[in-house]
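Chains here go by letter, A, B, C and D, matching the order in which they are written, and residues are numbered from 1 within each.
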Amino acid sequence: MATLKSKFSHLQSRDDTGFSSNASGRFVHKNGMPNVRRAGLSNPLQKYSWYHTMLDLPSWKFILLLVLGYILANLCFATIYYSIGIEHLTGIDKSTPLSKFTDVFFFSAQTFTTVGYGRIAPVGFLASMVATFEAFLGLLAFAIATGLFYGRFSRPQAFLKFSKIALIVPYEGSSALMFRMAPYKNNLLTEAQVVLTCAIDDPDEHGELKSKFFTLKTVISQINTLSLNWTVVHKIDEYSPFFELTKENFETMDVEVFVHLRAFDEVFCNTVVQRTSYSSHHQEIIFAQKFNKMYAPSRRQKTTVLNLDLIDSYTPYSPYSI
Amino acid sequence: MATLKSKFSHLQSRDDTGFSSNASGRFVHKNGMPNVRRAGLSNPLQKYSWYHTMLDLPSWKFILLLVLGYILANLCFATIYYSIGIEHLTGIDKSTPLSKFTDVFFFSAQTFTTVGYGRIAPVGFLASMVATFEAFLGLLAFAIATGLFYGRFSRPQAFLKFSKIALIVPYEGSSALMFRMAPYKNNLLTEAQVVLTCAIDDPDEHGELKSKFFTLKTVISQINTLSLNWTVVHKIDEYSPFFELTKENFETMDVEVFVHLRAFDEVFCNTVVQRTSYSSHHQEIIFAQKFNKMYAPSRRQKTTVLNLDLIDSYTPYSPYSI
Amino acid sequence: MATLKSKFSHLQSRDDTGFSSNASGRFVHKNGMPNVRRAGLSNPLQKYSWYHTMLDLPSWKFILLLVLGYILANLCFATIYYSIGIEHLTGIDKSTPLSKFTDVFFFSAQTFTTVGYGRIAPVGFLASMVATFEAFLGLLAFAIATGLFYGRFSRPQAFLKFSKIALIVPYEGSSALMFRMAPYKNNLLTEAQVVLTCAIDDPDEHGELKSKFFTLKTVISQINTLSLNWTVVHKIDEYSPFFELTKENFETMDVEVFVHLRAFDEVFCNTVVQRTSYSSHHQEIIFAQKFNKMYAPSRRQKTTVLNLDLIDSYTPYSPYSI
Amino acid sequence: MATLKSKFSHLQSRDDTGFSSNASGRFVHKNGMPNVRRAGLSNPLQKYSWYHTMLDLPSWKFILLLVLGYILANLCFATIYYSIGIEHLTGIDKSTPLSKFTDVFFFSAQTFTTVGYGRIAPVGFLASMVATFEAFLGLLAFAIATGLFYGRFSRPQAFLKFSKIALIVPYEGSSALMFRMAPYKNNLLTEAQVVLTCAIDDPDEHGELKSKFFTLKTVISQINTLSLNWTVVHKIDEYSPFFELTKENFETMDVEVFVHLRAFDEVFCNTVVQRTSYSSHHQEIIFAQKFNKMYAPSRRQKTTVLNLDLIDSYTPYSPYSI
C-alpha cells in the first residue's frame, strides 16, 4: 500500500463537508440522509425528536398509529371504568360480561371523542371523575393530532424526482458527469441552486486509503424557474477530480457524488431542499451516450409536455461502438 | 429561412431561465405559472400535491368541497347503519322507510360532528362500533379542516395588482418599456425587488427560429416601501434587446416579458413573490404616450390617496400624432 | 419662491424609497405604517385582507368579535328553528313565548358548540337538517378560530420599545441625532440592523417645495445581541443632510426620520421588523444634552438591570447653558 | 490600578456585541440567554410575551398548567352553577351537599369539553346561559391549546449538544481553544456556521477594568452537513486575544467565550440557532491534551457510529507531564 500515490495532489480537497475521511460505507443514503448512527445517551428517547419522527412517517403508518392510539386509549379507560364498577354507569347492557365490557368501551369512546350520547352516562363520583379526565385528554389528543396533521402537510418539500443514475457522457470534446431532476407536482420552484460534492478514496502520506472530498463545478449551477427538467452538467476537465479516470477506475475506486439542491417554493413561500447521492460502488454512475429528451410540444403546440416516466431513460453505448 | 440573421448577436442571452428554447405557446401564464403540462407517472395522483391544490382552490370551491365531503360521509355512514339494522339505534322514527333513513342520516351527522344529543343512540355492538369509528373520523376530519383553513389564510401572498398591459413610451430622448403595480390590501410590502426577463424568437445558426432569453435592466430594481404604486421602467437603449424594434416587429415577433417580484411582507414576516408576464402576441405590450397618475393628495392634505381603478389607465397616441 | 435654492445639492438623494416627493402629511405613522389611503375598487372588501385585519386587531376587540359572532350565529339559528316550529324539538319549555325562544336559543348554542346534552333534541326532518348543518358550521367556525388564535400569537413581532423622541446632542466636537430602543419582553433578538432614512422639504428647479429623501449613516448599524438598550447614533457631519441646520431650521422645515429595524428572533427563529418615524413637525426631534443611562448593575453585581421606564429620559439644556 | 496597561492594544475590540463593557456577572448564561434583568414598566405582564413563555416551559410544566387550568375553570363554573341553584339542572344527585357540588362540577366539565351526556342538563334561563357561555369558552380554550401544542412542537430547534467545557490544547506548534458539538436527534442540520466572541477584562485609559470584546477566528467556521460531531478550533496565534496568556491568567482574568451557532434544519426547512458560553471564572475553560474521539465505524463497517456520551471526554495532562 505504501507505494500508492495521491492522484489529486493538484486539487484542493475540502475539509468542511462534515463527513469523516475514514467513515465506513456510503456517506449519504439515496434519500439524502447521512449514513450515521447515534449511540450513547442513557435515555434512548432523547435520540429522537418525536415531532421529526411523526413528520417523517409515511401517511399510512401515521394514520395507523392514530387509530391504534385511539383503540388503546379506549381499552385503557374501559378497563378503568370496568374495575371501578359498571354500577357507576347508567344504561349499560348487563346481559354478559362481554356486553358489559363492550358497552364500557363504547362509553369510553363516546367520552374521548366528546360525542357523549348520554345513553350510557357516569353517575358515581369515581366514574364521573375519570370521564372528566378522559374528555379532557381526548380533546388534548385531538389538539395534538390537529397540529401533527398541519405539520405534516404544510411541511416544505421540494417534490423533485432525481434520475436514479448519473451518466458520464461525451461532452464538448471531453466528457461530463450528468444527472437530471424534474418537479413532479403542482408546486413552483424558483431560484434553484445545486451544489455537487464528491468523495473519492485516495492514499494519504502513509499510503492509507482515506476519503477525500472535492467540490464538482457545474456548467450552470443556478436556474431561474424549475418548470421543465434540469440536467446538471459537471464537465470533466483538468480541474475535475474525475479527469482521466477510466471506467475501471470508477468501478474499483469508491466514488460518491452528493447532490444538494436548494430552491424557493412559491406556494409555501419557503426555501426547500432535497438531497441525493450517486455511488459508483452501487452502480449509480454509468458510462453512456446521453440522456433521452423528456419533453415535447403538445399536439396543438399550445404548451410543452414533460414526461416524468422518461427521467431515467438514456442511450447506452451500442456494443459495437468503442 | 436560412437567410435570417440574429438581431441580438451583440447581447448575451441567458440559458439559466429554466425554459426551453423550443417550447410551444406562451412561456408563462398571466397569473405567473409556467405553461408546462406534466405527463407520465402511472398514478396520476402523484402529479398533485393535494395540499398545494387545496391552497390554490378559490374560497367558494373549498367550502363547497367541505360541505359535499360532509354530506357524502354522512350518506356513507347512514347507509352502513341502515344495513346493520335500525334496531341497533334507539329513538328512530320508524314510520316510513324514508323517515328511518333520514333519522339514521341525522344520527350519523350527530356522531360525525360529536354533537351526540342522545335522542338517537347506538345500542348493539356493531352500530356502537361504527359510531365509535365515525366519531374518531369526524374529529380527524375537522383536525384536517383546521389545518387547511389555517394553511389557506396564513399563506404568504403579495396582494399586488399588476397593470394588465405594459406600455412602450417615449423616455429621456429614447423610449422605455413600463408597467406598474400597486398593493391593494392592508399588508405592508418592503424591500421589493423586480426582475425582468424577456423571450424573443430569433434564428439560430441553421436559420431556425428559437426563443432567446435576455435580462431587461430596470432603472430602479429595488424599492424600499411599496406603499404607493410602483412604475417599473426598462429603458430601451443599445443594451436592450428591444433596441430599434418597431411596432411592427413587436407584432410579428413573439415577445414575452416575464416579471418576477419578490418582497418582504411585514405582517407575515415572510418573503412573498408574485409573477406575471406580458406577451406581444396577446396584445399586452402597447405603444402609447404614458401611464396616467394613480395617486393624489387627500382633500385636507393630510394623506395621499391611491386610486386602484386607474392602474391600467394610460394616454394613447392621438390619431393625429406620429 | 423661485429664489429658494436647494441646500442639499452636494448630497445624493434617494428615489427608491417608494414614497412620493409630493405626498401630503406625514409619510410614516408613529407605528411604522405608511400614511396612504387606498381608493377605487368597486368592492371595498377587496381592499382588506381579512386575515391581516384579524391579526392587527387588539386582543379585546378580537375576543369581542368572537363573542358577538357566537351570539349572532345562535340568534340566527334560533330564529330559524323557531320559525320551523318548536314542535320539531323535544323538551322545549313551552310556558311562554320568551321561554320558548330562549330554549330554542340554548338548543342552538348546544348544537353549535357540539355539546348536545339532548334534553332538547331535534325530531322532525327540517329541524334535524338545520341542526346537522349548524353543528358542521360550528365546528368549521372553531376550526377558523383555532387558526386565528394561532396566527395571532405566533405572529413574529419584535417587541421593541423605541424612544418616543429623537435627540440632537453634542457629539465628538460636532453633533449627532440619537434615539434608542430596548427589547421589553422575554424574546431574544440578534443581528439587529437599523436603516435610517430622512425626508426633508427642498425647493426643486422651479423653486417648488418637494420632499427629498436621504439615507442617514449610523455609527453602528448592526448589533449582535439586543439584550440591553441600543442607542442609534447618526453623526451630523458634512455628509449629513442635517449639517449646519439650526434648531429653527428643524422647526420650519418638515424633517421626518424613518427608522427600519430588522432583527432575528431566536425563539420564533424568524426575521422580525419594527418601524417608527420621528417628525420635527410633531416635536419628536429635540435639541438636548444627552439621553440618561437606562441600565445599572444589580445590587449583588450578579446581573445587569435594564429599566424600561427610563427609555425617554434625557437631560435637557439648562436654561442657563448656551 | 492606574499602572495597569491594556494587553490588547494591538487588537481591534468590537463595540457591536450589544453587551455593556461594564456589565456585572456572566454575560451569557450557559443556555445562551443574556444575563440581563428587565425592570420598570408599571404593568409587569408587559415584560413577558406569554406565547414565548409557553414555548419555553418544560413539557411537564406545560401539561400541568393545562390540567390546573382545566380544574380551576371547572371549579369556577361549578361554583357559579351552584350559586345559581341546582334546581336549574336536571339529574343532580341531591343526597348530600358534597354530592350536589361534585355533580355540578362534573356537569361543568361535561359542558367545558362539550361532551354533554345530558344526564345532567340545564333547564332554567340562567344555568342555560352560563352553560352556553362555558361551552363557547371551552372550545376557545381548546383552540388556544391546539395552537400552543403546535407552536411548541413545531418550534425550530437545533437539538445540538455542546461540550460542557472548552479545552486549550497543543495545536500545530502553538495552542488552540477547542470545544465541540454534536446533533443528538433525528433532524438534519446543514450549512452550520459558528461565530465566537470573547469578553476579557482589560484596563481602560483610566486604569479601570472594563470588559473588552473580540472576535475569535476559527480554522473552519462553516460546515456543510452536521452529521458527526464538529470540533470548533480557535488557533491561539498572535492575532488571538489569548496569545501568551497563561493558565494563571485565565484563572484570574474573567474570560468568557460566547458561541453562536446558526444552521439550516432540513426537516423544518428553517434556520435554527443555538448559543452557549464558556467562562473561565466558572471553570469551563480547561488546559488539557485533547478531546477523545467520539465516533467509530460500526462492526460491519456499513455505517459510522457517533457516541454522544463521549462529548465531554478528554485526555488531561498527566501529573508527570509539564
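We adopt the following convention: a contact is a pair of C-beta atoms (placed from the backbone, for glycine too) under 8 Å apart; a residue touches a chain by one contact, two chains touch by 3 or more.
These numbers were taken from a predicted model, which means no experiment stands behind them.
K.L.:
Among A-B, A-C or B-D, where does the A-D interface recur, judging by over half of the contact pairs matching in residue number?
P.N.:
Having compared contact pairs by residue number, the answer is A-B.
K.L.:
Tell me which chain's centre, taken as the mean of its C-alpha atoms, is farthest from chain C.
P.N.:
Result for the farthest chain: A.
K.L.:
Give me the C-alpha superposition rotation for chain C onto chain D, in degrees, nearest 5.
P.N.:
90
K.L.:
Please report how many Å separate the Cα centroid of chain B from that of chain C, as a whole number.
P.N.:
Comparing mean C-alpha positions, chain C is 28 Å from chain B.
K.L.:
Starting from the mean Cα coordinates of chain B and chain D, work out the distance between those two points in Å.
P.N.:
It comes to 40 Å between the two C-alpha centres.
K.L.:
Which chain C residues sit where two or more other chains touch them?
P.N.:
110, 114-118, 146, 150
K.L.:
Where on chain C is chain A touching in the complex?
P.N.:
114, 116-118, 146
K.L.:
What residues on chain B touch chain C, complex-wise?
P.N.:
66-67, 70, 74, 93, 99, 102-103, 105-106, 109-110, 113-119, 142, 145-146, 149-150, 153-154, 157, 159, 184-188, 190, 192, 220, 222-228, 230, 264, 266-267, 269, 295, 297-298, 301-310
K.L.:
Which positions of chain C touch chain B when the two form their complex?
P.N.:
Touching chain B from chain C are residues 15-20, 22-25, 33-42, 46-53, 55-56, 90, 110-111, 114-118, 121-123, 125, 128-129, 131-132, 135-136, 138-140, 143-144, 146-147, 150-151, 155-156, 197, 260, 270-273, 275.
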